[in-house]
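Working notes, structure below.
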Amino acid sequence: MVTRTTDLAVELCGIALHTPLLPAAGTASAGVMSANADIFGAVVSKTVTLKARPGNPPPRVAETPSGMVNFIGLQNPGLEAFVQNLGNFDSGVPLIMSVAGDTVGEFVGLCRRMAVEGRVSAVEINLSCPNVEHGGLLFCAGPESVAEVVAACRDALPGKPLFVKLTNEGVLRNSLAAEEAGADALTLINTVPALTVDARERRVLVKGGLSGPAIKPVALRAVYEVSRAVEVPVIGCGGVARGTDVAEFMLAGAAAVQVGSGSFAREPREILGEFAVYLGEMGLTARDLAGALGEAKPLSGW
Amino acid sequence: MVTRTTDLAVELCGIALHTPLLPAAGTASAGVMSANADIFGAVVSKTVTLKARPGNPPPRVAETPSGMVNFIGLQNPGLEAFVQNLGNFDSGVPLIMSVAGDTVGEFVGLCRRMAVEGRVSAVEINLSCPNVEHGGLLFCAGPESVAEVVAACRDALPGKPLFVKLTNEGVLRNSLAAEEAGADALTLINTVPALTVDARERRVLVKGGLSGPAIKPVALRAVYEVSRAVEVPVIGCGGVARGTDVAEFMLAGAAAVQVGSGSFAREPREILGEFAVYLGEMGLTARDLAGALGEAKPLSGW
Amino acid sequence: MKLHPVEVISRERYGDHVRIQYLWTGDPPQPGQFVMVRAAGHGLDPFLSRPLFAHDYEEGDVASLLVVVRGRGTALLAEEGSALLVSDPLGRGFQVTEDGPVALVGGGVWVSPLKLLARSLRRRGIEHDVYLESPAAASGAYLGFLKENFPGATLIETAGGTGSAVFLDWVGDLARYESIYVSGTAETLAAARSAAAGVVPAQLAVRERMACANGSCYGCAVPVWAGGEMVYARACVDGPVFEAAALAW
Amino acid sequence: MKLHPVEVISRERYGDHVRIQYLWTGDPPQPGQFVMVRAAGHGLDPFLSRPLFAHDYEEGDVASLLVVVRGRGTALLAEEGSALLVSDPLGRGFQVTEDGPVALVGGGVWVSPLKLLARSLRRRGIEHDVYLESPAAASGAYLGFLKENFPGATLIETAGGTGSAVFLDWVGDLARYESIYVSGTAETLAAARSAAAGVVPAQLAVRERMACANGSCYGCAVPVWAGGEMVYARACVDGPVFEAAALAW
C-alpha cells in the first residue's frame, strides 16, 4: 500500500485520478489492473477493434538492451465480446478505452459505442495502425490523416474526453494537428519501430515496436516538446520503470504517466511507492511537478 | 591483436576494408583511431564544417538506460585547420571524411575540397544538421532536401564515393531519395532526438541525441528496411557494443558497421575480437553474413 | 510481476546443466508450472525475467530449478553466489488423470518438470514409465544426474544434440498408456504429438518467449484449435502445458 | 577505453565517503589525474564508466579512490565485494611549481586529489598549507578521516553542506602563497577563482560529465580563454586541472 501522506492526486480532462500512474494500453490484463486499482489513477484497456483480431504468429516478443520489441498485432476479441465483459473493469477507478480501426469509419463506430457506455470515462485512440483506405500508411503517418480521424472521433464521442495516442515519428506536427482537430489529451509515445536479430541462429527474432527504459529519453523529448507547444494535457508513456521516471515525465510536462513494459520487469506498486517516497523527500505533491523543470547547468558551477 | 585466421575483409564502394568495423563520426579522436588502425577497416573523421564551431555549452553528455544523450554541437576547428592536420590520419587505413554545412553551398564547398585531398578515400555527409536556408529544418527532414544536397555533393566530389548519413526519422524515403540523387552508400543511423531529466535537481540534464545499445533495435530496423529497398551498400551504425552486434548489423544487411558510444564503454578491439570469435565458431567469413538472415520462427518448433 | 527474494541453498553443476535449490514457503508449484526468475542486484539489465519450469519441490520447502546456460540471463542465474528473485508458481501445468499407467517422455533441459510430475504420480500411486533422451554427446555428469533423479527411467540414446523422432520409436506402442506427458526438444514435442494423435491423450509442455508472464501482454502466443478455428493461446496462463490435440501446429 | 581488472584490497567507510584501495602496477597517477572506473559483472549497465580522481598512490603499488555514493554507478563501485575495472591514470593534473609556500584548498569529496598532491609536495620538500572545508553537518568519521589523511591541515567549519565564500576568508591573504591548488565544491571553486584573481596563480580541479575520457567525444566541455576568445576545452585531456585565470566562467 502506498502511503497516503503524500498527495498523489492529479486531474486529467476533468477526471480525478487518485494517482498519476496509469497502465499503458495492451500491457495489463483486466485482472492485473483490478488488483492494482489502489495504485492506478485509472485503468486503460487493451486496444479493441471492431472485429476480433487473431494477432501475429509467434515469436512476438524479444528482449533488447534495456527494453523489448513486441509484435503482438492487436490480438483482441473484438468490440462486442469486449463490451460484454466490461464488468471486469469494475475496479473503482475510471476506465479509459483504447480503440483502433482500419478506417476512419471504424474509429467512429468504436467511439459511438463508447459514448453510450457508462463504464467508460474516456477513449484513447491508438493511431499506430495502418489505414487501409490509404494504402496501409499509418493513421499517424502525417498531420492530415491524424486531423481527419481525430475530428471524426471527436464528433462521435460527445461528452467524453478523447485521448490521441501517437508514435514518436513526426510527433510534434501530429500533436498540433490532433489538438487542432479536437483532441482533449495526447498520449505520447507508442512503441518505436525496431528489429531484433539472433546472430547465432542467423534469424530475425522479432520485427516490431521497441518499448522499455531504452526509449525513455525519446519519450521524454516528445513530451517536453509537445507539452510546450499545445494547450491540452499530455500523458507520458515510454520506459517508465522507477519512481523517478514518473517524476521525470511530469517535470517534462506530462499530466499523467503510463507504465507499460516496466511492469513486466517490476511491480507498478513498487514504482508508485518509489514515486511517493521521492515526493516525500522533495516535499512536493504530484501536482507541484508540472512546469517545475529548470534549465541544464554545468557541473563545476559556472 | 585480432587473429587473422578469420577472414574479416569486406569491400565498400570499391574500397577494400581489412575489417568491417569503422569508428562512427565524432566518437574517436585521430589518436584513438591511429592506435586502432589494425582493427578498423577505415577511419572516419569527426564532422568538419567550413568554419570553426565552438560547440554547445555544457553539460553535453548524460547517461540513459543502455545509452547516452549528447549535445556536442559539432565542435570542430573548421575545414582549413582540419586539413592542415590531415597527417594525423596517416594510419595506413582509408580515411572517410565526415562533413556538414549550413547550406547546400557549404556542403558543396566541403566536397570540392575533399575531392582534391589525396588522403581522403570517401566523404560522409552528415545530414542531421539544420539547413539555414530552409528555416532551420534539418537537411534530412524530407526527401526533397535530401535529394538536393546529395545531388549537389555528388557533382562536387568526382571520383570519390559519397556516403550519406541519415537519422531514423523518415529513413526509408530519405534513403531512396539519396540513392536516386547519387549516393554511393548510406550510413544509418545518426542519434535519435532525446531528453534527459534529473528528477532530484528538477532540471534538464541534456537535450540532444540518443546513442548506444538502447537504439540498436531501431538502427537494425532501419538497416534491414533500407538495405532491402536500395541497391547501394548500407553502413550500419547505432548501439554496437559487442561482437555479435556487428554480426547482427551485417545479417540485417549492412556492408560495414560503425561503432560509436560503445567504444566509450568498451574497447573496439574487444568488440572486433568477439566478432572474429563468433565468425570462427560459426565457420563463416565476414562476407558470408550478407543476406544470410532467416525468418523468425517460434520456439517450440512448429 | 511480483518477485520474491529467496534464499539459494545450492547450485550444483551436471555438465552444462545447473540445479538451483532455494527455500520456498509460498504456494507449492504444481507439475508443469513455471516461475519467473531474475538475478538480484542487476537493476533492469537484462530487462525481462526468465521463465523456468518448477523442477522439484520437496518437503522442507526446498524448491529446485534445472537450468542450461544459454545467454546472459541464464548465466547470471547460474552464477555462484548470485541472489535470486523468484515469482510464485505460474501457469497451467500437467492435468493428471487418476488412472495409470502413464508415460513421461522428455529430453534436454526440458526433462525438468518431469521430476515434479513423477514425484506427484508416485505420491498418488499412479503407475508411470519414464523415457528420457540421452544424447550421444551428453556428459557423464548429466547422465548421472538423470539416473539419480529419475530412478527406473529408460534412457534412450539419440544421435546429435537434439531430440529425434527415432526416440519415440523406442517408447513403443503408446496405446498401452492412459496418457503421455511430454517435455522435450522441439523435435520431440512434434514427434510425440504426431505419434500420439488418435492413439493416446498427450500433454505437451511448450515454450514461447515471455514478457509479462501474467496474461497481460499476449507475447507468448501458442496456436491452438478453439471451435475449429486457430487462435493464439497464451503459454503463460493457458499453458505452458497444452493438450497435444489442441495445438494447431 | 581500455580498463584493467584490479584487485581491490579494501573498502573503508567514513560517513558518506568510501575509500577504495586497489593494487596498481601501471603508470603511477599524477596529482589531479583521474581514472575511469566501472563495476565488473554488470555488463553495460550502467553504460558509462565513472570518472574518479586518483586519491592516493603509495609504495607497494596501492592506489586509492575516495568516493561519495550519489547514484547507481557510485553505489556499485562502493558495494562490498564488487570487482572493479579501472583505466590508466588520465588527464592533465596539477602543475606544481618548485617554490613554496603553496596552499591546498578543498572541500567535500573533492579533497580527494589533494592527498596525492600533498604527498608529492612533501616528497619534493615544498612547503604547503592545507585548508579543508569541514561542513557543520559532516560526520565524525569523515572529520576523523580528514585529520588522519591531511595531518596539520586547517579544518574550517562551514554552514550548510556545500562550500561557501566565507571559507576563503579563513584562508586569509592569498598573496603569501606562490600558488594555490583548489579542489572543492562548485561554490569553493568559484570563490577561490575570484579571490585569487590578480593575487596568486591558482589551479582548479574541475568536473564535467564525461563519456569517452580520451578526448574523442568533446562531451566534457569546459569554457576557457584562448587568445582572448572563449573556447571549450576538454576536461578529460586538457584538464581536469585548469589555471583559474584560463577558465571562462
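So that you can tell them apart, the chains are marked A, B, C and D in the order they are listed, and the count of residues begins at 1 in each.
Here is the rule we go by: a residue touches a chain if its C-beta (ideal position, glycine included) is under 8 Å from a C-beta of that chain, and two chains touch if they have at least 3 such contacts.
Given the structure is predicted, the values throughout are model-derived calculations rather than measurements.
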Smallest count of steps, each to a touching chain, taking chain A to chain B
1
At the largest C-alpha centroid distance from chain B we find chain C
Rounded Å distance between chain B and chain D, as computed from the means of their C-alpha atoms:
36
Centroid distance [mean C-alpha coordinates] between chain C and chain B, Å
45
Report, in whole Å, the distance between the mean C-alpha point of chain C and the mean C-alpha point of chain D.
55
Touching two or more other chains - residue numbers and ranges from chain C
44-45, 208-209, 222-223
Which chain A residues reach two or more other chains?
57-59, 64-67, 212-213, 298-299
Draw the chains as points, connect those that touch, then say whether the picture is a line, ring, star, complete or other.
complete
Under the definition above, what is the set of chain B residues touching chain C in their complex?
65-66, 298-302
Which chain A residues qualify as touching chain C in the complex?
26-29, 31-32, 54-68, 70, 72, 75, 212-213, 241, 261, 263-267
Within the complex, chain A is touched by chain B residues 57-59, 64-67, 69, 169-170, 192-197, 199-207, 210, 212-218, 220-221, 224, 239, 244, 247-248, 251-252, 278, 282, 292-299
Sort out for me which residues of chain D touch chain A in the complex.
44-45, 185-187, 189-190, 206-209, 222-223, 247, 249
Mind listing the chain C positions that touch chain A in their complex?
1-2, 38, 44-49, 73, 208-223, 230-232
